[in-house]
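Heads up, the next two complexes both have chain A, just with different partners, chain B and then chain C.
Our next item is the complex of A and B:
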């Protein structure tokens, strides 16, 4: 029977305030879950009493995190520190769009 | 928030005919117009706003589900409708799968919280595979409305 590895799993926890005036609506949830998916760590996000998988847009939307809400990001795995740092940065910078692929970037007239 | 709080019952459509994104959005917005929920003169403007939102990134969020939406000043309260395409439509979804189940939302610009809670309700309920499967198989508006009512009454696990 193989011996179970005994090394410690890296963990990282961070808190961040939602600044988007519309809260964690669809576009931020998509950007959040897509970024979370780039890490191998397990990522759990909490807001109030709701706890979800940060890699699923369905789950992140179910947070219904409004502007001003504090969300807690917990990562567990080899890249836990990098994951929480990157996700906190995304939220703090108010979900900047990735490098635009269009000339006529949509204006603020959408609910995302 | 429950489905009953934002789904316009008269606008629910079980058999979408369109086979592309714009057609689906037009058909669903038309159903809100036919139900008397939006003014005729605003139809085109609402369709264009929803299509513009899609340019930012598809609202096809995977699992055969899309939630096209926009804010629009012509509505006084959050309006939603539900529609099913039995064939499925290419919606440029995040997971690349065709979309069979659509929730379209039009919300007043000054009520972001309502929009957020509607998204929360939709995604929370649709995490339940049974609910999702039954909705996609719905053959009549009555089927859809009954499923939404059952979900509102917490008859699906979530």
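Our next item is the complex of A and C:
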């Protein structure tokens, strides 16, 4: 059987700016890696010269991406496009809670 | 190579792989597993990860419910960390390809991660190292289970390195595998030290902190003769100590060959050599070393390390075990010899004693807590039908105490008789002579007793008014002090006049330096640490009674401890150069 040409592997690259004032801290890193894990594609995240595995919370944290930093998301695999799109959206929307909000928003988030 | 100095509490050299127990009782793991254990180890890791994830989830749910969602979020992150596939991949690879133990792999990988974070500039990120340490500890806890118990389940030869060991942990060390131990804290008088001596394994205590410098499986040398511990020894040092250990083994083997020969002086006087024991298991050491019986069976271990009083049956079980194993040889059981602070349920009367050694302890405590005392007496009496059991009361200072104790013993006998429980009505009753007042009144005491036993440790302490745990005065504590020698002489003479057997137990009778002196003072019974018996036997079989008597006469003329000590050393060296240490 002929080897599958690598050209056929889908690739997708996107750039996005960190907007969370604390940067890629624990919660964002957790949400990011959790979402990344739902895709079959290989996901690499870069910030400056650091390049890490987007599916590992340890590595994403180790990016130490500060507020205002540009991060590059590269996906390689069948669902590469969906993966980058979803991850970019997550960062752009500043890491909202992943689960559809069941609670009545009115009584929780309008304090102060 | 790193050398640590501590306090030598049990002699000998041990060389072996480290089994490390840290401050929190974590066993610091060994590094490698065998090839055929890899699958099982991977399995163990899986289980630990699952267990950790479950615990974190439970924490999260509880925190969310109690404090709110924002606080629970951190646990969601932790959860993701323990389930992190990258982490898992690295761990699996280390176990599978490098044969690391899961514990070692976890420590290594997570510590490396933590280091990365520590190196980050932003304080927020550098503090994440703590979260990683938290994950590491959780995984280790789940991998190691109730790891303290593992100490007693060691299955390969090791040396144990610990922050501290309790006396019962020490007592439960398996002599087949544990070759020696070192603790960061502890002193020479501690119970752990006594137990180490009893176990006959080299031990050093009080080295100060060093556990962070070792990991499981490292080669460590324990020099119990000089109180040294050597970490990462170089080849030359290992070779030197191997040689030393070899020589010690040869010497021991030579002495063991004496085991089945009687302790008889060169001129044919039979000396009875008995063993001092603390734990029932030590009867085996007595037999191995050719003891004629147990001269001092301390019963304190029953009360230590527990917060409830031992029941009559618990007493009985251990006594029965010792008596049966000794098979007809005498076993002298000493009743409780502890201070009130150590015995559960007896301390509320006095909350703190200024001078515990002069306070409510030993026979005094027993006579004030009759139910406790009766329990022990009943158990001893019940065991008395199983062999040659004798009963001994400690720290007696007045005749009244011995009369009270005997009266109570009679009482307990009546009880047993009524209940139809068999016991030996003629059980020999004796006392420890360890208070100078008792020596002064010894002629009266021997009239009322079947035997006496001079307890030198306490006798020295009370005679010279020295607390040997106090560094400033410890040098005054000396078995060679002429005052001590004179008191032993008085006790031995009185016993002989009354034809009552007299024994000496304590560290003094365990040292070959004093064997000739004691024989010369008329002792025909010595009770010693089982390990010391072969050497003492060797001395006995070399000397004659007139020789010993001459030594005693001369020693009694000397005026200070140092002269006595040097004189005894020289005499021993003259007769037995190989023992003169």
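In this section, the second predicted complex is superposed on the first by the 91 of 112 C-alpha atoms of A that agree within 3 Å, B and C clash if a C-alpha of one lies under 4 Å from a C-alpha of the other, contacts with A are read in each partner's own complex, and residues count from 1 in each chain.
Just so it is clear, a residue touches a chain if its C-beta (ideal position, glycine included) is under 8 Å from a C-beta of that chain, and two chains touch if they have at least 3 such contacts.
Owing to the predicted nature of the structure, the values given are computational and were not obtained by experimental measurement.
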item	value
Chain B versus chain C as contact partner of A:69, first or second or both or neither	neither
Residues of chain A touched, compared between chain B and chain C (which is higher)	B
First (chain B), second (chain C), both or neither touched by A:37	second
Touching partner for A:57 - first (chain B), second (chain C), both, neither	both
Touched partner set for A:22, first chain B, second chain C, both or neither	both
Touched partner set for A:85, first chain B, second chain C, both or neither	neither
Set of chain A residues, in rising order, touched by both chain B and chain C	22-23, 25-27, 30, 57-59, 61-62, 64, 66
Complex contacts: residues of chain B adjacent to chain A	49, 52-53, 55-57, 59, 61-63, 67, 69-71, 94, 105, 107, 112-113, 115-117, 119-120, 122-124, 126-127
In the complex with chain A, residue positions of chain C that touch it	73-74, 76-77, 80-81, 84-87, 113, 116-117, 120-122, 124-125, 128, 131-132
Interface residues, chain A side, partner chain C - complex	22-23, 25-27, 29-30, 33-34, 37, 53, 55-59, 61-62, 64, 66
Chain B-touching residues of chain A, taken from the complex the two chains share	21-27, 30, 57-59, 61-67, 97, 102, 106, 109-112
